[in-house]
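Letters A, B, C, D and E name the chains as they come in the text, with residue numbers starting at 1 for each one.
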Amino acid sequence: ACGANEAQTGGEDGASESQVIALLLPESKTTRYETFDRPLFEDKVAELCEECEVVYYNADQDEAKQTQQVDAAISEGASVIVLDPVNGAGAGGMVQSAQDAGAQVIAYDRLIKEADYYMSFDNETVGKMQAEALVEAMGDKGNILMLNGAPSDPNAAQFKAGAHSVLDESGVKILEEYDNPDWSPENAQSFVTDMLSKYDASEIQGVYAANDGQAGGVVAALTGGGVAKDALPPITGQDAELAAIQRILAGEQAMTIYKPIPIEAETAAEVAVKLAQGEDIGDTSDTGIDQTEYEGVTSYIFTPIVVTKDNVKDTVIADGFYETSDVCTGEYAKACEAAGIS
Amino acid sequence: MSTSDTLAPAGESVLSLAGVTKRFGAVQALTDVHLEVRAGEVVALVGDNGAGKSTLVKVIAGVYTPDAGDINFAGKKITVSGPAEAQSLGIATVFQDLALCDNLDVVANLFLGQEKRVGPFIDEVAMEQESWRLLKTLSAKIPSVRIPIASLSGGQRQTVAIARSLVGKPKVVMLDEPTAALGVAQTAEVLNLIERLRETGLGVILISHNMADVQAVADRIVVLRLGRNAAEFKVEEASTEDLVAAITGASDNVVSARAQREGGHHG
Amino acid sequence: MSTSDTLAPAGESVLSLAGVTKRFGAVQALTDVHLEVRAGEVVALVGDNGAGKSTLVKVIAGVYTPDAGDINFAGKKITVSGPAEAQSLGIATVFQDLALCDNLDVVANLFLGQEKRVGPFIDEVAMEQESWRLLKTLSAKIPSVRIPIASLSGGQRQTVAIARSLVGKPKVVMLDEPTAALGVAQTAEVLNLIERLRETGLGVILISHNMADVQAVADRIVVLRLGRNAAEFKVEEASTEDLVAAITGASDNVVSARAQREGGHHG
Amino acid sequence: MADDVTQAAVAADLADERLIRSQGPRDMLRTTWNRLKSGELGSLPVVLGLIVIAVGFYAAEPRFLSSRSIVSITQFAAPIGIIALGIVLVLLLGEIDLSVGSVSGLAAACAAVLMVEKGQSEVVAILAGIMVGVAIGAFYAFLNTRLGVPSFVFSLAGLLGFQGALLYVLGRNGTINLPSDSFLVQFTRFEFVSPVLSYVLVLAIVLVYAGSQLWAIRQRKAAGLSAPAMGVVLAKAGALLVGLGAATYYVNIDRGWTYLWVFFALLVVIMDLALRRTRWGRHVFAVGGNEEAARRSGIKVDRIYVSVFALCSTFAALGGLLAAGLQTSVSQASGTTDTNLTAIAAAVIGGTSLFGGRGSAYSAMLGIIVLQAIQTGLNLVGVDSSVRFMVTGAVLLLAVAIDSISRRARASSGRG
Amino acid sequence: MADDVTQAAVAADLADERLIRSQGPRDMLRTTWNRLKSGELGSLPVVLGLIVIAVGFYAAEPRFLSSRSIVSITQFAAPIGIIALGIVLVLLLGEIDLSVGSVSGLAAACAAVLMVEKGQSEVVAILAGIMVGVAIGAFYAFLNTRLGVPSFVFSLAGLLGFQGALLYVLGRNGTINLPSDSFLVQFTRFEFVSPVLSYVLVLAIVLVYAGSQLWAIRQRKAAGLSAPAMGVVLAKAGALLVGLGAATYYVNIDRGWTYLWVFFALLVVIMDLALRRTRWGRHVFAVGGNEEAARRSGIKVDRIYVSVFALCSTFAALGGLLAAGLQTSVSQASGTTDTNLTAIAAAVIGGTSLFGGRGSAYSAMLGIIVLQAIQTGLNLVGVDSSVRFMVTGAVLLLAVAIDSISRRARASSGRG
């Protein structure tokens, strides 16, 4: 195995300057990670540091796999590990392995209390913003169905907690609550369809759906249950999926949560490069985010944006998150026009 | 037809059945069957295909539970709840459908359920040695005892099944068509074996379609027809023609017709 | 030992093998075997257990590919790549290990691969009717043809397997111990059947351990021993003692010993 | 012989004197009871399990048995039911296909991309989706018959590989919404059989059933074989008429039968006919029961494998397309989650053996109804997710345990 | 007779003249080659597949074969390997257990709650976790042997039910972190065999192997049976010494063998001995090969089922505890994701048949190493998820296809 063990004794080909930064993302079922986070992060690192190498891993929503990937990153000689944990609460062990091997850990997008740095849109805040938007759209009264994420996904619990903190205080009544076993649109659809056997469609004045996938299932169920497309109750979402943006334009979904990923990815890249090169990271990042303290971790907290029909143009389109041509296909062309997108 | 009481030779009754009945779905396989075997006696059970012989054997061996009827073993009424119990009573059986484990080798099959051990482990060497000895007494032509049973010829498999019944210390041995697939030499060995078993005082139930073999070794011949007792003979009293007539239920049957034709042909 | 040329009766050679060799792992099952069958001839293949008879049959039937050797069928050299091809050539086989589908009923097994049809559908009624006819010619004692094969007795299964070979129009029929599990009446029917097959000009290969049956229907007897041709007899020339000696490879064997003892005993 | 005289009067297949004859309704009932006890009544016990489930959920939430709820159970059961139909086929051969979920997702994704992003017509897109299934099945068959790779392994590889292909095909945008006026969406979601047509259909089914039975009786009598009594056949047809009619009346209170369900039912009936009444089907059972015996009978075993694997993947693709229509979109999660397990479980719960040679097309339908009913019931009752998982497991066990215990009751060599 | 003279000189098991004898190394090689061709060499082809995988990934990324990477492959393979060991047992009976993932998660959760929230000692917690496995296995055995529920069904119910129980046990807090000084965490993550001890172990293993072989030779000779030549045994022992020694040297470049892996290897060896050399193991194979024959041989079949299901669930629980230690936490997702499929796949890829009666304890080890190597390799190469899934599928297929093709080559009745 000639060459196999070289990484452990230093860099490659004698270029001892080379720095390895590891990026570990949690899953591939949601588009954002491989479509946005990874390329944005890699591009930014390349821009800031020529001799830096990014190694990338995706854990496919499997904690055990991620544990092992941290180990692999260490064997690749990573000095900074940017870790978006499958389960932030249980990621302490991974952080410790990394720190024992002399690497610094940036908790990316999801909090790890043991990490050196943390940067994210806060999950509970996301849940709150969804709930607030829903309550507002319903005029603080009426009945809703609540569809949460997978009970086996710890992040889902945080969204759920955030949303409850608002909903429970409001005038909105939760008719039924459902923890979707795997976030899947199918389950969301069959749940809501079954609810339509239990309640009349008119009794449902709003739906909290934790993410856009489920929102799609909810829309399909309601329209399949005889609710006209223009009479749909407000439905929430999260992730700003393309399909959700289209639904928002068409008036089928009330809102989604857009996390401007560029700022998050680029801040992470900046901090990672500085750490790798042993530079000082300062109080404010070059991307303009102030350092704060969150749960005892040095943090950069970004504000998520609520996307509704009114601000699609100024958010996802303006940021180049989606091209107009992606959004305004076929039957959505008219809606685009109405929203002033062309 | 005469009752078994008048026919039975000397020796204790080790096994006796009365009124045994068994049905499978819409088929009445056994109706009110009785049978008795004494120590040191070879009882041949004959009958046409589907007469119920194997079913009877399986009832005795605990494979099937009879729908009705009594089984007495060594004078006591028993209910055989499973093959393990029949074996522990001392009933060894060679089934017609052999019942060997195709994935195991010859040695493992021979000693299945009665493995020799040293400490917690199986004593392979002792078992292999004993296997060769057992197979040799039956003139088995098996090239290796370390190949899976699946790759043996029909007769080789049957020899293994017969050898199995000699492992352990049975009181009654039931052989369901043991010589069907055997070569001439092996058949002769099995007939010798049956005679040896009788001499050591065991009760033997032999099922066979070969009247010559039956007449050669049996003491008493019980005929089943369509699931019922049809006749019973002492071997000295039974001619081949009588037996065939009792089995087929008619004295002018295809067998006698053939015999006549052959006789005319060759004779 | 004499070559087949001098022995063969009149009739075209339908099947001839030369130099057939087959090994399984460390066991040499067949070594340089030759065999010839002519139209209207019954060739008996005899030999001890494990002599290689069934292996030879399976080679001809396309189940095994021989390691060496030629097979000629109706004068042409052929390579049988699988059982389907052997069947389409006109070779029908009753295997010793029967090869029936336990989950299918009697009718389905009888016509497997040769189902009668009306339009796209199987003609169950015609097949059932024909089944009863076939089974009756063999004196089968099968209560219902609509039960799965698994619940038949050994002899009933064998009867079904034999009846199968009569479906279709074969040129050569190979019967591997067809009467092993059969009752006396059914055995007689099968021997009659073999004679009928010969009369219609088919070549028949019969494997059996029953010398009386062999001598009753065969024209020629080929003896295999330990995977090699050991001897060949015209049936008129062969005494039972000669046959047994050729099979076991010794004239003072357990069979003759038993015969002597019996003779002494009874006679 | 005396026997011959009676034999002439008795049908050929009832001549054996060991047969316990059943004449008259009393005997019929007894025979049926005996068959039930001996585990020969196939799916009846699972139906009993289903009834227990229905009663239980009805007690907890009466709307479980509402017309609307039953319509949506059937509607949502259909796409995975179609996938389960393919699974039944591979299980009959004693093989397995773990990749039906991924294949269904991939087929739907291909169709959606062609239709929405590449601007192809819907017909082309649907055909392409189905062709994906056919091609995958053919590839599987090649791996199995030529290279001898076990089906567990290649379908496991397919499960992963085609999930990757799904992600690749969907590309960076992820979810694709199907146009709401597309045929797939309309057919799966909004097409209901009109009341009049539905009653006509019921009548037609009953007539075809009765007709074919009566024809069979005539044939059998003509061939000198026993035949069921005319009265029995008519009674069965009557029961069918009442059963189907009542169900139709009940679902017509809501929107009526969906065409999606009718399509699924039609596929089940066709596959049932193909399996029980054609040569191909007979050979599938033969290969599944004893492959070597089938080969020696001259059956081209490889062809059976090819056809079965191809059909299974094709059904998977078809099910995936319909699921996408029902959901109006295709996403990275399409077909990946529980689809495999649900489809296999449906086939097994319906009574198809994992070991080959035993099962029926109806098992796919029965099994998926059981699973869908449990899910709907739990949705309506509305419990915590931990309780939901536990209850799903318990109810599933209950549904099948009734079946098992009834089979168990047969006095035989034990586990048989 | 002439035969008898020679027979006295030849061992009893080599007397048959049809046996092709192999004496001398030349014959040995030829015999080995023949056995390889006829598919009798068990796991060798999968090992070849593993080598192909290793070479491939090494070419793409040399660090794949680095000492560190190999240490972590073995470390992470161990917990699921232990679960796969239980799966091997149920597969040997021709049964299946789909619930090992849920059981492993539940056991870990119970232990974690007892330890962290209820303040019990670690020993109590671990024992309780293992008891959860034992209890579940006993319950399964009851369902199977008394009620006759098929294992596919009850383990599917268990898959769902015990996942619910996991959620219930963890309660609303979800993730529980294990104390980093706990034995489980320390043992699974930080305990490495010291270099000296590791060489001592290697030597001990080789000596035990050679000793037992030589003893067997003596026994066989004494019994008049053939025995392998002394030289061959010594050569094999030498090869073992060199192989193990070299591997040990190589992993010692990094941290050395983990105790976790050594523990797994020990379990595999114990199970292998239990399966091949004890009565119980013989009976497991017998029941898996032909249950009816086993029953008729007087084997208490039910007891075999009870022991196997109990062992399988116990191994699952044990694997779950170790996985939790390695991960330092238990969460709602513990054991839920791919655990079941990975464990079953490992057993099957390693060469254990899904249909019972064929397999070995080593297949769990071999299979999990193949799977873990593929995963690590792809981690190191670092590609998009879509590519990663596709490559995983392809590599898996490749690894097993080599095996299949080699078996295929045996000239026999076709698919045999």
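Everything below uses one rule, namely that contacts are C-beta pairs under 8 Å (C-beta built on N, C-alpha and C of every residue); 3 or more make two chains touch, one makes a residue touch a chain.
Protein names from UniProt, one per chain: B, C = Sugar ABC transporter ATP-binding protein; D, E = Xylose transport system permease protein XylH.
Owing to the predicted nature of the structure, the values given are computational and were not obtained by experimental measurement.
Student: Please report the smallest number of touch steps linking subunit A to subunit B.
Tutor: Step count on the best path from subunit A to subunit B: 2.
Student: When you check each chain against subunit A and subunit D, which touch both of them?
Tutor: Common neighbours, subunit A/subunit D: E.
Student: Averaging each chain's C-alpha atoms to get its centre, pick out the one most distant from subunit B.
Tutor: Centre of mass proxy via C-alpha means gives A as farthest from subunit B.
Student: Between subunit D and subunit E, what's the gap in Å when you average each chain's C-alpha atoms?
Tutor: Comparing mean C-alpha positions, subunit E is 36 Å from subunit D.
Student: Could you put a whole-Å number on the gap between the CA centroids of subunit A and subunit C?
Tutor: Centres of subunit A and subunit C (C-alpha means) sit 74 Å apart.
Student: CA centre of subunit B versus CA centre of subunit C: separation in Å?
Tutor: 26
Student: Starting from the mean Cα coordinates of subunit B and subunit D, work out the distance between those two points in Å.
Tutor: For subunit B versus subunit D, the centre distance works out to 46 Å.
Student: Hey, what residues on subunit A touch two or more of the other chains?
Tutor: As it turns out, subunit A has residues touching two or more other chains at 28, 34, 151.
Student: Quick check on subunit B: which residues sit in contact with 2+ other chains?
Tutor: Touching at least two other chains: 25-27, 63, 82, 141-144, 226.
Student: For subunit D, jot down the residues that touch at least 2 other chains.
Tutor: 18-19, 167, 292, 295, 385-386, 388-389, 413-414, in rising order.
Student: Looking at the complex, which residues from subunit D come into contact with subunit E?
Tutor: Going by the criterion above, the answer is residues 94, 96, 98, 143, 147-150, 152-154, 156-168, 291-292, 295, 301, 341, 345, 348-349, 354-355, 385-394, 396-397, 400-401, 404-405, 407-408, 413-415.
Student: Residues of subunit D touching subunit A in their complex?
Tutor: 61, 63-64, 66, 68-69, 72, 75-76, 116-117, 167, 172-177, 179-181, 189-190, 323, 326-329, 331-333, 336-338, 375-376, 379-380, 382, 384-386, 388-389
Student: In the complex of these two chains, what residues of subunit B are touching subunit C?
Tutor: These residues of subunit B touch subunit C: 24-27, 47-51, 54-55, 96-97, 139-144, 147, 151-156, 159, 177, 180-189, 191-192, 209-211, 216, 226, 244, 247-248, 253-255, 257-258, 262.
Student: Once bound in the complex, which stretches of subunit D touch subunit C?
Tutor: For subunit D paired with subunit C, touching residues are 12-13, 16, 18-19, 216, 219-220, 223-225, 273, 277-279, 282-283, 285-286, 288-290, 292-300, 357-358.
Student: Touching subunit D in the complex: which residues of subunit A?
Tutor: Residues of subunit A touching subunit D: 28-31, 34-35, 151, 176-179, 181-186, 189-191, 193-198, 212-213, 216-217, 219-220, 223-224, 229, 241-244, 246-247, 322, 326, 329-331.
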